[in-house]
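Each of the next two complexes has subunit A plus one more chain, namely subunit B in the first and subunit C in the second.
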Partner chain A sequence: MLRTLISAFLVIVASLAVVGLTLSASTGRRAELRFVNSTEPKTLDPHLITGEPEGRIAEAIFEGLTRLDAQSLEPVPGVAESWEITPDGKTYTFHIRTGARWSDGHPLTAQDFTYAWRRLQDPSLGAEYAYIMQMVRYSEAFNTHEAQASALEGPIQNALHELGHSSPGAVPDKAVRDFVSKQHLDAVLKGTPNAALRAFLLRGPGELTQGELGVLATELAREGQRRRALYQEAKLHFGIDGGVYAKDEHTLIVELVAPTPYFLALTAFYPAYPVPRWAIEKQTGRNWFLPANIVSNGAFRLAEWSVGSRIHLERSDTYWGRSDVKLRSADALPLENQTTGLNLYLTGEVDWLPQNTYPAELAQDLRKRPDFFIGPALIVYYYRINVTRKPFDDVRVRKALNLAVDRDVITREVLGVGQQSAFRLVPPGIRGYTPPDTGISYDVAQAQKLLADAGFPGGRGFPKFGILYNTLETHKKIAEVIADQLRRNLNIDVSAYNQEWQSYQQSTRSLDYDLSRAAWVGDYEDPNTFLDLFTTNGGNNQTGWSNLVYDRLLEAAGNVEEFVAAPAFILQHASRAPELERLADAVRLNKEAPSRLKVMAELRLELLGEAERILVHDEFPILPVYFYVIGDMVKPKVKGFYTKLRGSDGATRSNLRDLHPLRSIYIDEHPSPRDGAP
Partner chain B sequence: MRKSPLQLALQRVLRNRMAIGGASLLIAITLSCVLLPPLLGLDPNHTQPSLRNEAPSARFIFGTDTLGRDVFARVLVGGRTSLLVGIAATAVSILVGVTYGAVAGFYGGKVDEAMMRLVDFLYGLPYMFLVILIMLMFSETARGDALPVFLALGLVQWLTMARIVRGQVLTLRHQEFVLAAELIGASDARILLRHVLPNVLGIVVVYGTLMVPSVIILESFLSFLGLGVALSWGQLVADGIAVVNPIRSYWWILVWPSLFLGATLLSLNFVGDGLRDALDPKART
Partner chain C sequence: MIELLALLFGLATLAATAWCPPRLTRVLGSLLFALMVGVVSRFAFGVHVALLAAALAAVLALRFFPPLVLRRVVFLVPALVLLIFSTTLLMYRAPGNPFANERATSPQVEAALRAQYGVPKNASAFFGIYMRRLLVEGTLGPSIKVQGRTVEELIAPAFPVSVALGLLALILSVVIGLTLGIFAGLKKNSLADHVSMALALFGVSLPSFVLGAGAMIVFSLWLGWLPVAGWGSLRHLVMPAFALALPNAAIIARLARSGMIEVMQQDFVRTARAKGLPESWVIARHAMRGTLIPVVSFLGPAAAAIMTGSFVVEVLFAVPGMGQWFVKGAINRDYSVVLGTAIVYFGMIILFNLLVDLAYSWLDPRVRSSDA
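Right after this comes the complex of A and B.
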């Protein structure tokens, strides 16, 4: 009996020991730099990433043609050691370093980029960031035109046929409008040169005769054929001998549709990273980015990914610039609980707390510490309004919501470290950009009146709705304050509810919400990075909102020359038409390259201002809340970490995007006070 | 005068000081949760960020939370939810569990076999998984409402009840009085309702009382995970824990809801123990 007991005891002890050893083995040893990375990355496939937590890792393990210098955040040579740009600004020739290698030893070639950029645009991948690179020739046609052509030739023709049958005489205005919105005609016909279709999309209210219907059917079919032809052409050439192609192993040619001033900053951004074809094609599922399979080309390699515990990065032995990389290893901890994050920092378990990883209400106390750095950010916090749901399809309702939220209470009392209340989308501080003057402010009386006009006097009959946010303390607080303000100001029933990051993304993507919290971190310092979110079909639009004039304005900003050649449509709908006309004339008359480019740049920002005005003055698919400040907490021993930037022109600026490339970070165990410390 | 079993049981409960104390506290908490908010005009959701994190004072006797909401109002209104969820979910599970267990035990044989295997199967599934699955069937805006939560909890909690009742019914099934009722031609429904169920009532009441606190805890746990009711004690405790940090702590945001939750759970357990001792003396340990 005793012997049985002893052996049972031994068995238990042994198994406990095994469990203990396994657990301690999986935590591994502490990396040189540890930081909190607010949430578990959803993927590390550079083409499918959209979030910041993923971006921080991807930036460390991959590298694009260019990379951003840590001290200036200006593009500097990355995989490409040099490049030439043609005088018209449309063709780039990149020279790939001969020393560039993948982590498995493969040499990195121009073909890796042509494969990657074609993959990003491949409709079957469904990359949300595809649009950001669509100034590259052929890419938009390759990405969108086949689906549009199929819609134009199939379901849209059928719907049109039905429309004609349902009303034997003229088709009533409402039926026509329903047809347009149900078939997403705005989206499908985006950028069409077909004059008849353009006119149809812009028509005023009125019936449609059977004759006009017939013409429409023909034109739509013709447009379908045109798009299919363009797609076929793009499929044949894009990534092979057009748009982006390899002249030889070390020379990559990129052709743009129009000159793009920020293109070299984009090539440093993760949608433009190269990806390893052989590693992706070997895996059948989308799991090539797991540590066992991944092949990458950045300064670090993904050594371990323990879900819920850490992502462990180690310095890559194959990186071309490995002698510049001083940091040996880094751990990114997925931590949604901000208090835990702060505890870890204070006890020395982590060295860096980025924005949003410590409790926001403590920022007022924390800012007194010498290791806390705060400054304006290129980030906007806003709520999406799902315009496909009633009653949010009514612009008056959306405007009423916008007017009924007192942002100052949130920025001053809830956040309180210098955030600015937002009634616009584009954060202040972008050089050269003047935001539109909307005259919108907190105004409960007007909000109530608008709600009454929309058929809900005193909030009566307004359906109960929800505000969706992803699980995080700060988001919860803001959602509860806004819900309470709407409840009391408009007498409507609002509740706030949360979902963890992945289901939250699912819900917003499938428009399964009423209002949802969102924030956008500018990908480059230009209003375009914010405004092109809301183009029809934009992967990050996620409101269901679509506006033809808005789309045209962004197209025009993307290709100013085309706008100057045919400005009529935009001038007809613009609020500041005379100013636009003046600039367009100036461009037309000015033949000297440098000053002409300067006027074009001015006109471009003017067009973007018009677009923002539609968003935050006329249409309100969003409810902007505030512009971030970025507060990082970082230990003095972490060096190569710049909270103030110094540009190549010598001017100092804020680190608006909170970018701190791991490549240049290093640890100094006996630090002197930080440069630029407050 | 001879006393009926019920009178005897009542006498035993009244003699149990812990049970009486628990019951009084429970009644006091319930009454204040139900009556005080409307009487005092308390609004638990009124945010006044300029008055945030105030310590208990004459104006806010429990203090205010990080958004300047009255903690007293939140604790009382949150208590309504927690108690309602506790009682409603228990009612759901009693309804489902007793019916299921009684039918299985009464018909026995293959019916019993099949029905109990289903119970075993459901037991095998992690209950959290079931709860989340049930919650997902409700629309997103209903999340944060009480109905999905107590349906979900009730539909998960009935398994134990079904097993207990089934065991009891299985033994009662072959007692002489049931055979007698069968012989004089009473219908199955009548036998179950009039002769079998009254005899399992005691045990159902006892387990029901003990189930209320476990349901309240489960709901708190769900709230803690962000799946529960928008405003309940569990949620308040979660909020309270979020503000306990090394820089500054606002103890009142955590302590009050925890105190109420703890006191209620303790009282319910005392009452449940008292009832078990009284109604089911054999189970006394």
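Right after this comes the complex of A and C.
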């Protein structure tokens, strides 16, 4: 008996010793600022980052040529102390400051940028955000053309060969269309100057003779050769003496394909950060960004990264602007439970809860607190409509669905923190952009009429269909409300169903759904970041919808000069042709650099407006639901945190992107009672 | 089809190990044990030490190990291979893949990533690569979603956290459960019995996240005694340990109660009483062992589960333990994380079941005699 008791006691003591040892192994000083960072970053390699939790850390430990001012979110000098832009808006000369250093003491040079930007576009890296910098000359060819050439020379030729063999006479229209979509021909041939291929992509329905097939094979092979040659050229020049290159250690030249009004904001974005070549090449795995290996150049350095516990940042003593940085250290906590996040905030353990880190269903109560800040966001919530399925291939049906949904019920009853009903795709608030007319409203009578016109009077004969959403309580509520409204207003049979994230992605990507839930966060403050989604075969289109005029409008917006030179096709199809023509003429006549660029920027937004009009006035491949709001909870002692922005022109507006650079944040332990703007 | 055949073959092999003759068991068991020791010690100490350790282990096993343990080893190794194979098949059957992102990945990029991470499109090919990694390269492979870290680098810091928390919870659940259960069993159908069993029912029915969230509100937000969440001091451990312990304590209480009631009616208890032993001595010395048997058989798998972490409790209390990797691995289709966690869990189950068997022979004289 005594023996048993002693051994039980010993087991308990030993266990407690294990507990104690484990605890003592994990201590760390608490940082000055602690914030909840919704999830563990997947990587801190600036070229491979795609999400917000990663972005918040990368923005603190790296710095681009420019950075965004915390108070205005306008680009201000970062690593580059100044820059010049040529009058045509296509060549930038950045002057790298002599005081810029890496955290290991290496001086930061123009070559660090040429290496980084070339690495971003290197096809073997597979960077998702490579496309965002592809207004830089050579970059697109370097990034995509080799793979396209291989496709054109290999699998596409084989498929074409098979196509010819499968039908001895003329090839039927359906087989040709299947070939085009299966081989992603629109994507592979994107931007081709080859007239025959352009004509082929635009062709109406009809068979293809064996002779035409032969011509097509030749032209595709020729296009493949052309792309390979362009790739070879880009490989030879990009980052070395073309596109982006160093004139000397402190002068970086960037050549753009077309003037890009938001380029200086992009150079502040993580895909454009410099990366340390020597530190990356020393590691074989993708682990150069772990604390033991990382070399960075931002206002903070990565001092500790304990997976599941925290990321600890400390003020860098090699950063050129360290005297401006007041915050000494920051902890980012990867907390996936929103209730826990809120409790930590309420007990004073954390100082900042960004959007999505507290329970959304409590937002209605939380918004009454003085430390809860709410504002519009650059995020849209919408449903995709699968236009490849009947009866959704009929635009009248798609419009009827759009008209039969009362979005106000969702924004008021389901969400209720100030979200706005969406009747368009692009969220409001983007400077200079005038939203186009929309065909979407809440109009049940018209919806019923459209459905009748489409052959389903009173909803009779309309096939049962489903609304797909990824498993989440909010999505479920919204889907149920919309299904219910469609059922009642149109008398059709709809049900909502969910799939977990991976299955959902597979279903939407393979167009295995009728309606599916989606959302998009703007990457930069420009309509292009939303409209880009719906180009033909775009990776995130996922509706099967394709519209030639739409594609051309986006191409034109990406290269306004090309449009001004040959505007006929677009003018023929545009709803506001006279306005576009007037602006195009103004560009043509205006040779004065600054005002010409200004008119071009205006024309560009006008073209994007035309594109959005096609989505929400004519074609309806989507059903917009609502525009998000962002709400942050911040303790009064956190200063330098701007929810309202003041631009250089003096105008105030909302912080649409919820960006709060740590560089400007500081802690005031004895804050004066509420002084309005924090 | 071939995969199905391979699976059946694996199952047959596994079943065949039961009829393995004693001499073969001794030789095969020692060799496999040496292999295991070699692979495991390679993770910790490198190739040279591992070879030495394996040789030593082979000799030790051959000379000194009881047949019970060696039979376990002969079963264990094919079972582990089968586990890896069938898990691989299941993972590949699930929709999606580790390289699927919100933004579409181009086929070229996906091919490059698949090559880099050693995740071919074919499940059997992946199985081959994985076994090679495990046996030849001595690694659990890179995580695909947590870039820059191998699976062992993810598990190494998280496992001790889960073990520490689990141990504490285990002790709590045994102490609370046994006390309640024995008390209730002795005073069958009294008020005390009903109260204890009501408490136990409460513990079983309340999921730990409700319990945890409730405790958080009371002890952190209202009373301010304990920190809400996090890791780093004993105070951080209290709530998660109780949240993990109470449901188990409730089960233990019920098992102990019925065990106690049954044992008290046994002949040997009557004999002990007839000898004139005091009641407390009868309970502690004679009835206790019998009561513990059902509890111990429950504790084996329960300890393995509790020490490999609970996702719910870890997320709620922001504990950097291992439970998260079971769930995240599966959600992200991070194949090597799924396999790594499965192997660790498997190892814990085997270890604790062995301990349970050893405990049986100590607790129950009948088991001891049949095994000799």
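One rule holds for everything that comes next: the second predicted complex is superposed on the first by the 471 of 678 C-alpha atoms of A that agree within 3 Å, B and C clash if a C-alpha of one lies under 4 Å from a C-alpha of the other, contacts with A are read in each partner's own complex, and residues count from 1 in each chain.
Operating definition for what follows: contacts are C-beta pairs under 8 Å (C-beta built on N, C-alpha and C of every residue); 3 or more make two chains touch, one makes a residue touch a chain.
Keep in mind it's a predicted model, so treat the numbers as computed, not measured.
Student: Looking at the overlay, what does A:Q71 touch: subunit B (first), subunit C (second), both, or neither?
Tutor: The answer is neither, since A:Q71 touches no partner chain.
Student: Can A:L366 be said to touch subunit B (first), subunit C (second), both, or neither?
Tutor: In the superposed model, A:L366 contacts subunit B only, not subunit C.
Student: Going by the contact rule set out at the top, does A:N343 touch subunit B (first), subunit C (second), both, or neither?
Tutor: In the superposed model, A:N343 contacts both subunit B and subunit C.
Student: Examine A:E473 and indicate which partner it touches, taking first as subunit B and second as subunit C; both and neither are also allowed.
Tutor: First partner only, subunit B.
Student: So in the superposed three-chain picture, is A:D484 touching just subunit B, just subunit C, both, or none of them (first/second/both/neither)?
Tutor: In the superposition, A:D484 touches subunit B alone.
Student: If you stack the two complexes on chain A, which partner ends up touching A:L48: first (subunit B), second (subunit C), both, or neither?
Tutor: second
Student: In the overlaid three-chain picture, which partner chain does A:Q157 touch, first (subunit B) or second (subunit C), both, or neither?
Tutor: neither
Student: In the superposed model, does subunit B or subunit C contact more residues of subunit A?
Tutor: Partner touching more subunit A residues in the overlay: C.
Student: Between subunit B and subunit C, whom does A:E413 touch in the aligned arrangement: first, second, both, or neither?
Tutor: First partner only, subunit B.
Student: For subunit A, what residues appear in both contact lists, the one with subunit B and the one with subunit C?
Tutor: 337, 339, 343, 346, 500, 507
Student: Residue numbers of subunit A touching subunit C in their complex, please.
Tutor: 1, 12, 15-16, 18-23, 25-28, 40, 42-43, 45, 48, 50, 123-124, 126, 128, 147, 285-290, 306-309, 333, 335-337, 339-340, 343-344, 346-347, 349, 500-503, 505-507, 509, 539-540
Student: Enumerate the contact residues on subunit A facing subunit B in the complex.
Tutor: Per the touch definition, subunit A meets subunit B at residues 337-339, 342-343, 346, 359, 361-362, 365-366, 409-410, 412-414, 464-466, 468, 471, 473, 477, 480-481, 483-485, 487-488, 495-498, 500, 507, 512-514.
Student: In their complex, what parts of subunit B are in touch with subunit A?
Tutor: Touch list, subunit B to subunit A: 45-47, 49-50, 52-53, 66-68, 140-141, 143-144, 226, 230, 241-248.
Student: Under the stated contact criterion, what part of subunit C meets subunit A in this complex?
Tutor: 94-97, 100-106, 108-110, 112-113, 142, 145-149, 154, 157-158, 160-161, 163-165, 167-168, 170-171, 213, 216, 220-221, 224, 227-234, 237, 284-285, 314-321, 324, 331, 333
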